[in-house]
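Two complexes, one shared chain (subunit A), two partners (subunit B, subunit C).
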Partner chain A sequence: MYRHMFAVQWKWARAPLAALCVLGMMVPALAMRVGLTSYVSATPRDLTSFTAALGVGLAFLAIVTGAAVQSAGSWPDVHGKYVYALSLPIAWREYLFHRTLIGLTLLLLPALAVWLGGWLAVATVPLPDTLHTYAGGVAFRFLLASVLSFAVWTALVQLSGRRVTLVALLCLLALLVTPLVLSAIGLDLSSGGSWNWLIDPPSPVSVFVSRWALIDV
Partner chain B sequence: MSDAITLRNLHWRAGKEFAIRDLSMTVPTGAVYGFLGPNGSGKTTTIRLMLGMLPALDGQITVLGHVVPDGVHTALARIGYVPERLHLYPGLTVEEAIRYHGGFYASWDAKEAERLRRHFTLRAETLVGRLSKGEAGKLMMLLALAARPELLVLDEPTDGLDPVVRRDVLAALVEFVEKAGSTVFISSHLVHEQERICDWVGVMDGGRLVAEMPMQAFRAGIKRLRVMGKVALLDGAPFAVLARDQVGVREEHWVVRGWQPEMAAWVTQAGGELRDVMDLDLEESFVELLRTARTGEEG
Partner chain C sequence: MCDGRRLHRRVLLGARPALTRAAIAVMVCAALVPPRLARAQTSDRRPVAERFAEALRRADSLKRRDDERKAAAENAAPPLRLVEGMVHLRYDTTLGPRTLSTLREAMRIATARIAAVQGDAAARTIGQVEFIAGESTFWGFRLLDLRPRGSTVGGAQRTRLPARARDLARYFEDFAAAVASSMLEPTPRGFQIHGAIPAGPLDADAWTDLAIWTATSSSSVARRCLDGSLSDCRRLLIVPADGTLDAWYEPADYPAIVERHDWTRDSVRLRELARRCVTGRDAAACSAAAHEMSPPYPVPLAPMQQSLRALALERGGTHALSRMLNAAPDDRVRLEAASGMGFEALLREWQRRVAAARPQHGVLGILVATLWFATLVFALARRRPSCV
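Up next is the complex of A and B:
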């Protein structure tokens, strides 16, 4: 059964996955290429900053990857109002577990592409001894970010349109009210500003906004 | 032998307009049960409730000995289901859809699936989303039959199909039932079709089951009487009068339920002259039954 579900989900996801893998390989290579062009007149610190800045593209790509793989796996059921899925002789929990597990497995491919792209990018250029490469680290961060995006989309797909609106409103309310409440009770979880608590560790969102440095000191 | 499906005091509601109210129903094992009712009477909702796709507000559902919804996926492994609209994934080819579906059933008969695919002239490489309505109906029937189910639940399986495809689909169904002896629950508003294949009938209207009986009793019990003369009141009649129409100056047609030949004497005693007792076909019986049920509800 898992084999058949995998084959079907692979068919639905393979086209977007192929595009995402190409993009995943291109971003690190592009970052290095553009960075090296500037390297002639820049310091190693400038180079690392530049590649890290372009790494933001990977964070965005991770969000798209999670959403695309999730949508590819769930759209046919959403479109059919789950009638087919519910008519199959499998417990609903088990069905969702399989679909999620397959989605997570497929997310490995773009992460692998990012690793390969990063590895090729740094392997083909001479770097100063003071700089080190982190292709594996960037790929792992990409995987975590795409898994987080996948999880958020999975949760949203399970909700009705009305509930999605409700969750969005509650999130907005929480964003507006929480800093005020924290400030009122004298707690300041942030060191650099009232919103940093949202994006600093241990917040899961930190995986998107932290430094995506392919090369560093 | 236990019944294939039992519903007891089932309640379900969608908004303020529609509700299933106190629905109790029994489908005997081995029966070909025709589930009749006009559009919007609650047939599809009842099927979705019995297959655990909708949660009942109250009541008990048992299908093939399994309580729904707790044991529904175990029951579904022994059920072939054909919904009223195409529910399969449109991006798969016919062959992929067959392979995918078969992966969920231990009882799947791949050879039978292939035989039916050829019999129905379905091309393996055609995308499900590009099938015509008739082809989609055939594919859904194929998937239901190749799982070798003990219970077939068919929701308007031939609605909108042309006569040739309808005949193909029904022939495959009849052939399967003859071979396997499975129970069939077939919902439809195409009464003539049910008349040909069903041995039990349940009639649904406005979310209520208004009749449930063997087909023979349903057909035999409702008659049209041609009566001459004036019978002022029908109070005390040993049969139920569903409709009474003045046809000529002295002639009336009565549609009655529960008719027995010995009841002719009562008509004579009441001042009438019974000229003829006519059988109604299932559609006429169905219409009269609904008319009575609705009149009773209004009254």
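Up next is the complex of A and C:
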């Protein structure tokens, strides 16, 4: 059953997956090449701060990757109102288990691409002894983040059906607007620390906003 | 038909001509009475300069009396008293029970943190001052005013309510640090530590920041220090009276610092030197340009030296600050007296502490992601979609 479902999912997801793999591999290398040209002699601080900024881009790519792989696989289910899934001779739990496993397998490919791209990006940069490269670590974080994005997107799809994009955009808007509204009514978020629950562990957002640096101390 | 004369009189004299006429008569009489000599005019025949000096003295005396009255009013002790740990506070009935509870918590936190750094000397810094607290409002916002009573060190603080106990505790800690720093005699020569005595024990984040600054410094001296070279740590921490460039940087570091320096206000010759250094990789030009500029600190100096002082106080225990205050006015001697160990040993300990504070790429993120993923999948497995 797994092989059969994998073949179907692969067929639906391979085009966006290929594009994401290319992006994941090219972004670190290109960004390093373009970003570090502002100074002739890059200092260690330039390297760490630039790769930390690049990490934000990779985190965003991980969110998109998880959502894209999930959407590519679940789009026929949503539009067919799960008729195909529920007509299979397996239980819903088993179906979901297979889908999740297939999702994880597919998400390994962009993570591998990020690892390769990161390794290529840092291989050409001379590093002082105090700095280290974390291409593998960043790729692993990318995998975790994309897997989490995959799970969150699966939940959103099941809860909101075809309106998933609208619901996701509304959630994002709420996240962006709430701090502004709270600031406007006089609640100081910066010093109070009450807002930190959103970005500190165990919040799921912490996986995306933690420090992702290809080159770090 | 309209009578033009009657209309003219009505407009000129108003609806009640008798009253208007009376008012005009009073004004005319007042204008005709000759003015009397003003009594304020003085018959003093003294020179103008003398009279001016006397007026100044009188104004000065008035201002002094006004200041004294204000100071007396400010230092007048409110009726209620609160003591928590080593912090003494006087307040009035404007403080609500919630603010009072937060203040009590803040005083408890501050006492613990101050005692951790200052030990028995805290009784001489925070323990001898009484603070005055009061609540006021400004444009509808509730504010807590805190100020030391009769102290020349440390100022007042105004905090918006509701406040966190940790933020209020910071005020007492900073005050204690300022008082302790004011007790240190200035160091006339030798090794000088910039900045005040730390307000509380340095937390892990402060050490981590130090490790990051050192590891990513443009100076190879700083980076070698992090790798364990004590002589380089000494070069980094002790600011020489002259030749800071040679102490902190090596010729290989010059291109980076020359490139980051703003040469736009310098002469054409220096700009040309900088250009040859950056683009032409001319070592002689780099050296000449680097020696013309004031070199940037390889690592922020005050936090770095503060961490050394904090470590000395931490290692020295309860009497560390007392020993530091009583030692000769040389910061190397003070550090040795406070920590109870030699300067080299203290430096080695500092280097170890900084190197150990490098950020760790922990497993917390893995745990969080796995937990949320498992939770979501489990929740979805229990909710079977309906195809209807």
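The working rule: the second predicted complex is superposed on the first by the 177 of 217 C-alpha atoms of A that agree within 3 Å, B and C clash if a C-alpha of one lies under 4 Å from a C-alpha of the other, contacts with A are read in each partner's own complex, and residues count from 1 in each chain.
What we mean here is this: a contact is a pair of C-beta atoms (placed from the backbone, for glycine too) under 8 Å apart; a residue touches a chain by one contact, two chains touch by 3 or more.
None of the values given here were measured: they were computed from a predicted structure.
Participant: Quick one: on subunit A, after the overlay, do subunit B and subunit C clash, or do they fit? Just give me the call.
Facilitator: After superposition on subunit A, subunit B vs subunit C: fit, no clash.
Participant: What is the contact status of A:4 with respect to subunit B (first) and subunit C (second): first, second, both, or neither?
Facilitator: In the superposition, A:4 touches subunit B alone.
Participant: Of the partners subunit B and subunit C, which touch A:145 in the superposed model: first, second, both, neither?
Facilitator: Second partner only, subunit C.
Participant: For A:98 in the superposed arrangement: first (subunit B), second (subunit C), both or neither?
Facilitator: Neither partner.
Participant: May I ask you to decide whether A:76 touches subunit B, subunit C, both, or neither, giving the answer as first, second, both or neither?
Facilitator: first
Participant: State whether subunit B or subunit C is in contact with more residues of subunit A in the superposed arrangement.
Facilitator: C
Participant: By the touch definition at the top of the document, which applies to A:12: first (subunit B), second (subunit C), both, or neither?
Facilitator: In the superposition, A:12 contacts subunit B only.
Participant: In the overlaid three-chain picture, which partner chain does A:86 touch, first (subunit B) or second (subunit C), both, or neither?
Facilitator: Once the two structures are laid over each other on A, A:86 reaches both partners.
Participant: Please provide the least distance in Å between a C-alpha atom of subunit B and a C-alpha atom of subunit C in the combined superposition.
Facilitator: 6
Participant: Name the residues of subunit A shared by its contacts with subunit B and its contacts with subunit C.
Facilitator: Dual-contact residues (subunit A): 82-83, 86, 92.
Participant: Looking at the complex, which residues from subunit C come into contact with subunit A?
Facilitator: Residues 141, 160, 164, 167, 211-212, 214-218, 220, 223, 226-227, 255-256, 259-260, 278-279, 358-359, 361, 364-373, 376-377, 379-381, 383-388.
Participant: Quick one: in the complex, what on subunit B touches subunit A?
Facilitator: Subunit B residues touching subunit A: 51-53, 73-74, 76-77, 79, 81, 83, 87-92, 96, 99-105.
Participant: Note which residues of subunit A are touching subunit C in the complex, please.
Facilitator: 39-45, 47-48, 81-83, 85-86, 92-93, 96-97, 100, 128-131, 134, 137, 140-141, 144-145, 147-148, 151-152, 154-155, 158, 186, 188, 191-193, 201-204, 206-207, 210-211, 216-217
Participant: What residues on subunit A touch subunit B, complex-wise?
Facilitator: Its residues touching subunit B are 1, 3-5, 7-8, 11-12, 76, 79-80, 82-84, 86-92.
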